[in-house]
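Once you scroll down, you'll see the structures, which are given as structure tokens.
Both complexes shown next keep chain A, but they swap its partner, so chain B is in the first and chain C is in the second.
Then we have the complex of A and B:
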């Protein structure tokens, strides 16, 4: 089983790293991150903070673009190009296919996030006025990466039953909502209606809470130094991603390919 | 129940596809049942929309039936990995990962089938040579022609040395040379003890290759049997080819009516209704100094049987 998942993951990784659009997005992301070096000179006050702030925001935005763009096509491309016919006619179970595809894309996103984080780290380190070896950049990037993995799982869930365009809309909607679920909870708790309170609590636990992976502000203000913070976020990621992948597998298990 | 020698058994397969939220689903297969036995070559025939591809997809778990049952290798469920490992499948107009080379793709297939690297490499070399793609092993699949894709599809289906080979339109897209090679491969598979189940529109290939055929129309089986049984023992007429072409007077002298044949270049083609008539005509022709070039009893071919069966069950369907 693991060998088959690994083979599918390796093939997905190979497919995604040969995607020219991915390189175009990555090149533009690295360019924007590099430009923060000059942007800092134009700002007022804590120059290096601008580098970390804008740089991490760039990693986040471009990472989400890559995850959504690649994630929504994860399954639908295989179905449209009918390559899935050959794959699933082999002794491959459908959940192995979903897991393999998701893991393969997660490895690609790991490399792209690492590349962006490394460039940002070097830019920050080499900046003359207050620049330093900011380990927090890697911690915050790890958080961003975990968020991207969760978005990939969600995109692959949607791509098992709907078109790439709708998958993109659903995934991006969850991305935006996922950063607002804390507000949803707080607003719900302030309501006098029991139904509203329970409804908001239900949605708070049902929807992904992507703020669990967001440490950009802490890094920008120099308050994040320990990797231990990643533990809770990783636990949340594993639990939530497992649920999403199980749902994907359930939906995909009896799908007919016309 | 274990049936010795039974490789594939389909019982009461029914399948409908939804066509929209409000619209009625389209029935693609209706109560289809048949069996394929060990070491047979079985042809699966039907016009477009008959349900051949849907049946083949169900056999490969790419689609699921609404009702009915598929069992393989003497009663085993089709879902198990061990069962799947014993099946080779080539879809119609196969598509591959275009960024891989032919060799890389076969390596991936070998990994998915649980083959060792050494086995995969040796089988890949052997099969690529067999399908005429040895020189294209390291060429990116995006540069392959349609015929080369078809050949690679066949190679991946046979890579893990399956016992049952299911081929969906294996001849489509191939030139006459390619078709001949594929026919040779199918015959070799039978000689090696394998079972082959394939769909095709090319009836002459089916007639030449198959032990048995199953004809499908509008999702229902309209005929099944051995090719010679379907064609039947009955002789339609006896075709005589003679030289030279005789005038009407000389034909009359030989005892042959003038409308019994036609001239084809320097040859005269005659159709005798039965053996007795053919013997009398041959004697008359020899008296007139003709040379008898051939004398062949003509039977119905598969195409005529197919048209009869399909024609009698109505017009062509809508989905495949």
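Then we have the complex of A and C:
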């Protein structure tokens, strides 16, 4: 089973890494990160903070673009090209296909995030006014990567039952909602109605909470020193991603390819 | 596509770019280009809306705060700001603080720049007060509040109080308690200055700082005595129509119970025009202010 998942993941990785759009997005992201070196000069005091903030925001934005637009085509491409029939006629179970596809794209995202984070680290380190070797950049980037993996899982979920355009809309909607769930919880707690309070709590736990992966703010203040703080977030990612992937497998298992 | 047609497309692209550059150059003088932040009066509409509910920054609060901060720097960087620009700077600083309350530089720099405007002293205070709420352990915020009270609003009592508050916080320079007491003394309330200094001295663990504080207490005590003696001299003049020849006359006349001892071991002397001085202290306590 693991061998088959790994084979599908390896193929997906090769397929996505050859995608020219991925390189275009990555090149633009690296350009923007590089430009922060000059942008920081416009500030007064805390110059390196501008580099960290704008650089991490770039990694986040371009990472989300990559995750969504590669993720929505994970399944639909195979269906459009009819290669799904060949794949599923072999001794490959449907859940192995979903797991392999998601895992393959996650590896691609890992490499691109790592490349962007490394460039940002170097720009931050080489900045002449207050630049330093800020390990928090890698920790915050790891948080961003976790968010991207979750978005990939969500995109693959939507791509099992709808068109790429709708998948993109749904995934991006969940990206925005995922950054508002804390607000939803707070609003619910302020309500006097019990039903509203419990309803908001239910939605808070049901919807993905992407703020769990957001440590960009801490980098600006040098508060991120250890990767250990990623532990709970990693646990949340594993649990939520497993839930989404199981749902994807369920929907994909019921899909009729005749 | 053969070599010749590829070359043709390339030349056409280059020609198109050249034409667009020409058009752009032709259009340049027809547009109003702001040469600095001076001409830009609008407030950051979208960012201001987001700042009211920062959750809608979708995880990009910091970078939005940076954008607003860079705008504020452009406004504050003008050599001479108009009242409208001070207003805009105040708005930008508030938007920035809503988005990233922990960023201390906008409070410190923005507040100082606002304090330069005679009409924006209160706004400067509000900016510093916001910073103080977020950074309660940072002595610089009450220090700048005191600075603004004293130098922008002319309120020495409030200024001295804020300086004394700054002096109680860790990390502050040794001169802060002295500055606080000087401000309060100039406000002719050295008793208040002494009351503020006493707990600061008690809490001070560093011997060098304690010595400085104790010297400061002596200075304030001298100022208190001088003011008290000058009041008594004035009372004597109102009673007799002339200034007393010596200070002990005040005791003989029943205006004072006793002449206080000069805490540095010296003497209090009566000068011309009813002014009293200490023979050990050359300069009266006063925060010098250039106007």
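We take it that the second predicted complex is superposed on the first by the 257 of 258 C-alpha atoms of A that agree within 3 Å, B and C clash if a C-alpha of one lies under 4 Å from a C-alpha of the other, contacts with A are read in each partner's own complex, and residues count from 1 in each chain.
We take it that a residue touches a chain if its C-beta (ideal position, glycine included) is under 8 Å from a C-beta of that chain, and two chains touch if they have at least 3 such contacts.
Treat the numbers as computed from the prediction; the structure is a model and nothing was measured.
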Room on chain A for both chain B and chain C (clash or fit): fit
Touching partner for A:14 - first (chain B), second (chain C), both, neither: first
First (chain B), second (chain C), both or neither touched by A:162: neither
Which superposed partner A:183 touches (first chain B, second chain C, both, neither): second
Touched partner set for A:77, first chain B, second chain C, both or neither: neither
Contacts of A:221 with chain B and chain C, given as first, second, both or neither: second
Nearest Cα pair across chain B and chain C, whole Å: 17
Partner chain B, residues of chain A touching it in the complex: 3-4, 7-8, 11, 14-15, 18, 81-93, 254, 256-258
Residues on chain B engaged by chain A in the complex (per definition of touch): 17, 57, 60-64, 81-82, 84-85, 87, 89, 91, 93-97, 99-100, 108-109, 111-114, 153, 156
Footprint of chain C on chain A - complex, ascending: 39, 42-46, 49-50, 53-54, 56-57, 60-61, 175-176, 179-180, 182-183, 210-211, 214, 216-217, 220-221
Chain C to chain A touching residues, read off their complex: 53, 55-63, 65-66, 69-70, 73-74, 76-77, 100, 102-103, 105, 109
